[in-house]
Structure formats: C-alpha cells, structure tokens
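One chain, chain A, links the two complexes that follow: it is found with chain B in the first and with chain C in the second.
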Partner chain A sequence: MNTATNTPTPGRFDAIVVGGGPAGLAAAYTLAAGGAHVVVIERGDWPGSKNMMGGLIFSQPTAQVIPEFWKEAPLERHVTRREMWLTTGESVLKAAYESTDFGAEPYNSFTVYRSRFDKWLAEQARAKGAVIITETLVEDLLMEGNRVVGVRTGRPQGDLEADVVILAEGVNPFLAEKAGLSRGLKAESLAIAVKEVLALPREKVEDRFNLEEGTGAAYEIVGEITNGIPGTGFIYTNRDTVSIGVGVILKDMVDRAGEAYALLERFKAQPQVRRLIQGASPREYSAHLIPEGGYRGMPKLYGNGVLVVGDAAGMVNAAFTEGANLALLSGRMAAQTVLKARDCGSFEALTLSHYGELLKKSVIMKDLKTFEKMTPFLSSHPHFFSIYPELASAVVKELLTVDSLSKADKMHLIIKLVKSQRPTRKYLKDLYDGWRAFS
Partner chain B sequence: MAIHSVVCVKQVPDTTQVRIDPDTGSLIRQGIPSVINPFDLHAVEAALKFREEQGGSITAVSMGPPQAEETLRKVLGFGVDRAILLTDRAFAGADTLATTHALAAAIRKIAAAEPVDLVICGKQSIDGDTGQVGPGLAHRLGMSQVTYICGLEGIDPEAGVIRAWRQLEKGREQLEAKLPAALTITETCNHIRYASLPDLIAAADKPVEVWTVDDIEVDRTKLGLKGSPTRVNKIFAPPVRERGEVLVAAESSAADAAAKIMDRLTEQGLEMGLAG
Partner chain C sequence: MSDEERDVEQNAGTGSRHDRLPIDNRDWTAPKHSVTAQLGLVKFKPDEDAHLSVKNKSVCRDTCRRKFCTHTCPAQVYRWEEEEKTITIAFEGCLECGTCRSGGCPYDNIEMRYPRGGFGLQYRFG
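Showing the complex of A and B:
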C-alpha cells in the first residue's frame, strides 16, 4: 500500500474516534484544533447519555485539554473538602483535608454529571470542527491485513474509512480485542460500581455537609460497608443532589455471592451515612464497570492505523478513583501523535509508537506502575477491609472512653485487643506485603 | 412534479423521564433531557418519502429556545435539506394560537423564495397534546387541511392532489385534498427510517439558520405570551364522541334533508337565531 500520499481525498476523515466519553472527546477536540478532519461515533443518544461516574473531574489535567474550562463547563460544585472514612457497623474514624486554596481558580476538582459534562465537551469539539455522530454503534473494524482502515457501523451505508481509528470505547474494549490489542475483560481486574443520585434541597446539602455556598465535599469510605469485600464507598455533593455509591472488585463479590445493590443498601444504612441522606429521594440509579487491572491489565496501546485510549486501555488509578483525568490526557496524547503522524504521512505502528513514548513520560504510566499490584494485593488481603477498620475503631474508642481504667491499663488492653485479632507475624506480613505492593 | 415540503418540528421534554412534583402536582422540567416530539419524526418520514417519489426538497422549521437547534440538527441527519430555527424572546410563552401566527409568517417567507406544496406536522406534541398547530397553519396559509393521517397513498401530480387515509375515532376515512395542503401525521402512518451514515455526516456541515422576529413579517401583538389568550384550568383527555345521526342526502331531496335537520334541532330545544 502506498502510505506516503499526502493528498487528502475530499470528505475523507483523517481520524475516526469510537466513543464519546472524555477520552474520545479530548482526542477529537485536540485533533480538530490541530486542523485534522475527525469524526466521533457514539452509540448513546448524546455523548454522556450512557456515561456515569462518582464523580470528580480534576481541574489541572482537564485544563490541559481545555484551558479555563471551569468558566463555561456545566459543573456542580467545586470540591474544597475531601474525607476518608474508616467505618465499622456503628462508628466512623475520619481523616479530612480542607483548603480554601481548593476554592479559588484554578480549583482542585469539581463534581459533575457526566451526562451534561460530556455533552458540553462534545460541543467544544464540534465548535473546533469535529463531526459528532450519535445513536450509532460501531460494530466492527475494517481491516486490511493487520492494519485498521476504518469502522463498520450499524447504519445503512455504514462503513467509513480513515487514516487512523482511535478506540475510546470505554471499559469493555470489544473493538480493541478485535484489533488484536486487548485480551478482553477479566473479572479479577474489574470493579463494579453502583450509584444512586439522591435529591436534596441545596440548603440541606450545604447544611449537612457543612459547606459554604457553591463548594462541595467528596467522601471515600472503607470498612464494614462492603461486607468484607475489597472496595470503597463514595459520597459526592452536587448542587441539589448527592451521589452515593459503592465499588467492589467484581470477582470477589461474585465469589462471595454478594450483590452490588445490597451493598449499596447496606452502605446507606450505616448510621453516619444515613444521617447525611435522610429524606433524600432517589433520582436515578446506575451501575458501571471500572477497569482496575492497572498497569498489568493494560492492552497493547497502538497498532497499524489504531490507538487505544482511556478506560479501553485500562487507564484507571483505582487507589485514587481517578479515570476521567487519565482518559482526557491519553486522548490528548493520542491526538498529538496522530497530528504528528499526519505530518509524515504514515500511520503504521512504528509512527504511532510516539503515543507510547508520550504516555511513558507522563504521570499516567508512572502512577499506574506505582499501583500495579494494588488490585491483586487487596483481593488477597480482604481483611484490610474488615479487621483493620474494626481494630482502628476499637483502639480509638478505647482511648476516647473515659472510665475507671488508668491510661497504662488502657494501653495493655489495646495491645491485648490487637493481639487477639491476629498473630503478630501476620501483622508483619501484611506490612511487608503492603510495602512490596506500593513501592 | 417536484414537491417542496415544510416540516414543523418541536423540541419537547422527554416524557419518559418526566417526574411530577409530589407537593405541587406540576411537571418538573428541570434537568429533563429534551427530545424531538416523536410524532414529528413521522412527519419528517412522510416528507422524505414524498421527496423520494416526486423529487423536490424539504425545509424543517422549529420555533423554540436556542437549544431547539439540537432538534433541527437531528432532523438534518435524516437528509432534510434546510433547517430554520425561529427563536426570539418575542415568541416565548406562546400558546397554539400565537405559535401558528409565528410559524405561518415563517412559512410565507420560505414560500416567497420557493413555493410550498405541503406543510407537514406531527399529529400533536406530547407536552401540549392539543393537535391545534397543524389545523391553525392550514387556516392561516389558506391550504387544504388533512389531519390525523394514518396512511398516505401519495401525490397525484397531474391532478395536483394528495390522497390519504385519516384516523377517526371509529374507523378510517379516505380522502383527496388539493395541493397546497397542510397535513398532520400519526405514528401509524409510516416507519421512521434509520438515517444512513453518509446523511448523518453530511448534516454536520449544514447550517441551522436562525430567524428572529425581525426576519419575518408578522403582527407582533399576536406573538408570544401577549398573543396567547389560552388559560389552562384543567387538563383531561376528552371522552370519545358518539357518532351522530347520518342523513343520507341521496335518499331524499335537499329540501327534505334541511327540513329534517331543522326538526331535529328544534326537538333538542335549540334556539335558532336567524340572522336578519
């Protein structure tokens, strides 16, 4: 094939992006801004209509794609306080960080509804010249040998060719598998999250979460709420709703015959949580998968005429519930790579390997590498979600309870308590395993 | 005979997602996604079919807020040739009467550049449910009126007529109407096609023209809230009407029939105010 021709066919697209989530839209935005002719194909009624997350949009990475996005994007609240909760059935141990810094430009993070945020991103991409096609499913890739040359959609006359296809299809990388890049989904590297949006008047949100007008809070919660299954709960404040959900590792949940919905109910019944959401009426319920395979679960990121970005490439940092930011940045890097490839007229894997270089140098790969062993570690150490929260709570409770025991007696009691839970060597092993997994 | 159809479309709240405020009983419109009025898609389909059969072109018009552009974009995706959005504060708060004034003025302007053979509407909008805009346009534009069309036989270009089936409360009625005509289409009239990928892509380059009140010739006092005498007291579905008595003219002379009608009316105690 003659790949070095630089004369574009009129009407032909330089790039096809499959999927209108943050990854695909950041790619399209960057490509269109760089003068490329790009089309996004999204199966939902509009970009974002099928998408859900907690969720926090982090300011700094998003601004790399669209500077000062907070001036126009549909955001709910800017987050000024994050909390980590360790829960038992009846108690909570909290760590909170709050900063007025987070309350001023460029901000730290925002709560959003993805159905509105993604739609807005799509409008920005369209304003730059990207073509956005919705309600259209990409069913297959068009291949010439081992080279991707286009996509097949479910529409009449639905085949479309382009120099390069960017796969931004999200957690289920069905096309990346067809391209021979991904090995498909595995239960042990997937988390399932269920979420409810609960309506609560604006003043009540601000009252109960102790917020100044317009500011927001984000809580991550670990402990008894997941019933011993590795996972976390989250609560995010929106303008006049609260998003509440739990995410657990799919395999562990199935192994323990758990049900995600039952876990969410359990979470909502936790006394300190219940107080926050009392009287709030459900607006919507959704469930979604999260790729938590980390670095080890990642597919090949490029091939001849094809690149994989965002969740489709397994780019989620489960430790910090980050995904949208990695999606945005990887989409941008893929676009930068395509722009470069366009200049030299080649879209072979070798040229597209530039994407791999950009990723390697970026925070994305560095973080994913740091946490590569986390998911397997937590799966094999489920007591981190049961024994340790219980223990921490028991210790603090003992310290805070003023009774007839002297402080010295209390220390003895605490040591006895700790020893009764697990033999000392097991604590040491946990410590060692933990150190190995995260360093 | 090339047919120029004007299709009127409206953006409505997606009623599958509408919630009712339990305290006030009113619709909560906030945060509800908007969709194209489903019956209007059947109107678009009818226009596409006419264009396939007879040639010609299709112009879509929508009166609504700036966001209604989305609805017109969607319609362009089906291969509609031209899309015009009527948007202005002056139109806001319009009832069906004021709406027909604005739309009729826009259609007159469209027709001045390219004569209009058909004005096609959905049978009603799912948020207002009145079904009055189509008939109102027929009246203002002086066109024949065919409402609740459940089947289209097509256009006879020679005779300059359209043949269609109307859905009645009981049964169907076949009729023929002279062009130009204003039609309203029900969901049983046709199947909405799945737009082709090339049509969708071509639509991305087509503009949605925006017209304000300054772009049309219209009496401004008849627009928007000011021009809307409708006050909603209560919303209910009207009961199905019984079929009335039918006097077959062929069986009696016109004078006999008129006498019979007079008898019936006086029987029912109706005062006949004969104008002098």
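Showing the complex of A and C:
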C-alpha cells in the first residue's frame, strides 16, 4: 500500500474525519501537523454551526492540542469561581470555590460559544494543512469486506476514500452503528439538555455574579429544579450573556413523560435564579443529548480502517461536566495512532488498537472507569435529587433559625426530622450503594 | 405517593429501551409550556423533504396513550392532533438532538436522519 506519497490525488486522503467538533478537529489538527493529508467533512455551514454544550472548556487538555490557545481563541470568560447549589423550592444551600490561580495563565476553564470556538478550531486545523469540507453530510461508510475504506457523502460523485476514517460524528452515532461498532444509544445512558443564552449588559453580568472584569462563574445546581428527575441545572457567565440550562437523564424523563423545557422554566423561576437573569433578553434556545453511559456505555473504539472519538465514543465525564476536553484528547490520540499506523503501512484493527492503549493509559479512561456506575446509580436513587437536598436545607434552616428552642432541643428535632424522612436502614443502604458505585 | 412517583417505582430497574417500556396508563395532555417563542430565536434552513418520520402510525394512534414524543422532544416538533388522531411533524424546527431516536419515543417508532448537508439548524452561539 502506498501511503507515503506526498502528492495525493484529489478524492484520495490519508484520513477522513467525519464531523467538525472538538474531537474531529483535534484529530485533523494533529494529523495535518504530522504531515498527513486529512479532510474533515462537516454537515453544517461551518464547523460549530450544529454544535452546542453548556459552555465550559478546560484549559490544560485544550492546551495539549493547541498550546496557549487562550491568546487567540474566541473565549468568553475565564472561570475563577465554581459553585454547587442544592435547591429546594424556596431555599439554596451553596458550596463555592474561588481562586485567583484560576485567573492567571494557564487558567483552569473558560466559557465559550461552541458555534464560534469550533469555527476557530477548524481555522487552526486548516492552517496546518487540513482540508475542511462543509455543508456535506456523510451518509454511509464505504466497506471492503469488514474494512472501512472511505465514506459516501450526500454530494453527487461524493465518494471519498482514505486509509482510515475517524468517526467524530457526535452523540448520535449513525455511522458507528452502521460499522457495527455501536449498538445504538439507550435512554438510560443519555441525558437531554436544553439551554438558553440570555443577553445582559457586561456590567450587569459582573455585578450580579460578583465578578472582576473578564472573570467568570460557573454554577451547577441540584435539587427541586429537576422535579425529582435525576439531573442538574447550570448557569455559566459569558461576556454579555448568561447560559442557563437543565440536563436530566432521558430514561427518567421519558418514564414520567417529563419535559426538559418545562424544567428549565421552573429553574428560571426559582427566586435565587430569577434575580440573576431578571430583565435579560433571550438570544438562543438549544438542545443536545449527552452520552453519560461512561465506561460501560462506550462502543468499540476501533475496527479495520476506522476509529471512534469524542461524543460518538461516549467520552463524557458527567460527574465533572467534562466532555469537550475528553473529545479533544481522544481526537489527538486517534491522530497519533493514525500517524503511527502510517509509518508501518497498516490500518488494521490490530494496528489501530494502539488508540485503545493510549486511552487506557490516559486520564480519560481512568476517570470514566471511576465513574462507570454513576449514571445507573443516580437513576436508581432518584431521591438523591429530592429528599437529600430537602433534608440538607431543612437541617441548615433549623440550625440558623433563632427561636425559643434550645440548641439541644434543635438537635433532637433535627434527628427526628432525619428519621421521619427515611428509615435508618435506607440511609445505610444509600451509603453502602454510594460507596459501591464509586469504589 | 403521587401517581408520578408510583410510575417511577414500577419502572425501577435497568434494561434496554427495547425490553422495558415506561408505564403508559394515562392519556395525552398538552405540553405544560410552549417553546414557540424559544424556537423563534433559532436560525433554521429547512430542507424541502422531511428528515423525520413516524414508522407506523397505528402505534401512535392505538398503542401509545401518553404520546411521549409530544413531551420529550425539546423542540415540540411532534404534535398530537386529537381530532385527526395523528402525530404531525414540524421537522423544519428540529434541533437535531436525536432524542426521538434514542428513547424519546419509547416505542422506537420514529425514524430520524440528519437533514441534508447545509440544511437544518444553525446555532449562532451554541
């Protein structure tokens, strides 16, 4: 096989990347930088035009792909404060962490608009020599026996061949299913997220969220807002907008014929949230699935002439709201694998299994393994999203309310309250289940 | 225990979306909130041909009581027409999320493709 040629004919590439998101673009960038002739095929008008997330990218993994990206990339704010809220209908219990370290290079995380960030990422890949084709849907894979040899696009004479195809098609793995790598997605390992981008003047964003110029805040909210369905809300600050959304486990929402957008309305109406977004004008509404199956929900990651990266490979750490960074790193590892395969002139599954080795040694698989039981655990313990926030709030409220009860009486009252909510054995079982799920 | 809680208890346990259906013992009600205003903020370049379709109309009419898709689709693309006893599909306003093909219809009765290249949803922020 002649893979070392430096003058490829049009229509013949070393690698085809399906999908212009962080995973695909990181793969293309790394491949092009390594001298490979690579094409990215994106169905939207530009890479990013179909893409959505809550809004955080993490600095260090991103810098592994593009060093010092923060000097050039279209970023909104660098996040210096994270907050976790437990809510009931009327109260909020908060845990916050703020650091000036997060406000200096290399930073920790940034809020971004994916429609703009991914576009920029594509420009970087193009500058390295990657070809980016837009407005083109890959409809099928070209197979020779059990080997992927290219893609069929929706364009006339739209077949493209390559030594290897990298599937970065996102959460809906149409092609990975066709290649027999994925068995399709299950509602219990997916979250459905809806989000609104709400415009506020820059000073108001900074005043209301208590931010210094240019710094940002990211809030994750658990409790009454999801109406007992396992899931979270989030609020992220951008330069002159606020991103606010809710994500819930799809199976649990379907079981109740629930509505994600109704949960978002409920969330926005919570008093402590309402005053943050008061008077803000809606700019965009969006929705997306999140593959939260973790390690157990992953498809086969490679086959003959094919690799799967990013959301298509289920690379999301739901516990820490990480997705784009796993996508970027997995794309890079897939590219490194292809460059190595190119050197030895074989793109069989055995050669591409190097990708699996790289992943296994990386933080990606270690984290996904740690949290592999999390989504089923939360799904089978929905009271973690109702009883426990209520209880935590009731206990704190009792402690903070100064009335005619002595502190000793209050402790008795609290113990009674805790016992009235659930029998002791159930608390112990929750503790045991939790320990089992995360150890 | 509320009806909803009871449903969830009965549905406890995991399995594939194909071997365990949600409890479907209540009739359709209209969605609690309309997303028409929200969808007005999204840019769409609709194709002429639908990229979404119902596989078997009798499942919607006779089997599915709650008409789950009318609630689970975040764009409210699917509407139940009570008079005609049918689901209509406003595919032009589809957010292309895939909920309908991945359990949003528990009867797995919706066929979803992506719109042709260059058509469909276009996020300005995303």
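As a working rule, the second predicted complex is superposed on the first by the 428 of 439 C-alpha atoms of A that agree within 3 Å, B and C clash if a C-alpha of one lies under 4 Å from a C-alpha of the other, contacts with A are read in each partner's own complex, and residues count from 1 in each chain.
Operating definition for what follows: contacts are C-beta pairs under 8 Å (C-beta built on N, C-alpha and C of every residue); 3 or more make two chains touch, one makes a residue touch a chain.
Note that this is a predicted model, so its numbers are computed, not measured.
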Next on the checklist: With both complexes superposed on chain A, which partner does A:345 reach: first (chain B), second (chain C), both or neither?
Outcome noted: neither
Checklist entry - If you stack the two complexes on chain A, which partner ends up touching A:214: first (chain B), second (chain C), both, or neither? => result neither
Checklist outcome for this item: Across chain A, the partner (chain B or chain C) reaching more residues is C
Next on the checklist: Once chain A of both complexes is superposed, is A:74 in touch with chain B (first), chain C (second), both, or neither?
Outcome noted: neither
Checklist entry - Looking at the overlay, does A:356 come into contact with chain B only (first), chain C only (second), both, or neither? => result neither
Checklist entry - Which of the two partners, first being chain B and second being chain C, lies in contact with A:103: first, second, both, or neither? => result neither
Checklist entry - Which of the two partners, first being chain B and second being chain C, lies in contact with A:131: first, second, both, or neither? => result first
Checklist entry - Does chain B (first) or chain C (second) touch A:196, or do both, or does neither? => result second
Checklist entry - Which of the two partners, first being chain B and second being chain C, lies in contact with A:156: first, second, both, or neither? => result first
Checklist outcome for this item: chain A residues contacting chain B in one complex and chain C in the other 45, 49, 115, 136, 153, 155
Next on the checklist: Please output the residues of chain B touching chain A within their complex, sorted ascending.
Outcome noted: 33, 194-198, 200-201, 204
Checklist outcome for this item: In the complex, chain C touches chain A at residues 4-5, 7-8, 11-14, 16-17, 22-23, 26, 31-33, 35, 37-39, 41-42, 45, 66, 68, 71-72, 74-76, 95-99, 101-104, 106, 112-118, 120-126
Checklist outcome for this item: In the complex, the residues of chain A that touch chain C are 43-45, 48-53, 113-116, 118, 134-137, 153-155, 171-172, 174, 184-188, 190, 192, 194, 196-197, 228, 241, 243, 250-262, 265, 282-289, 376, 379-380, 382
Next on the checklist: Help me check something: in the complex, which residues belonging to chain A touch chain B?
Outcome noted: 39, 45-46, 49, 115, 131-133, 136, 153, 155-160
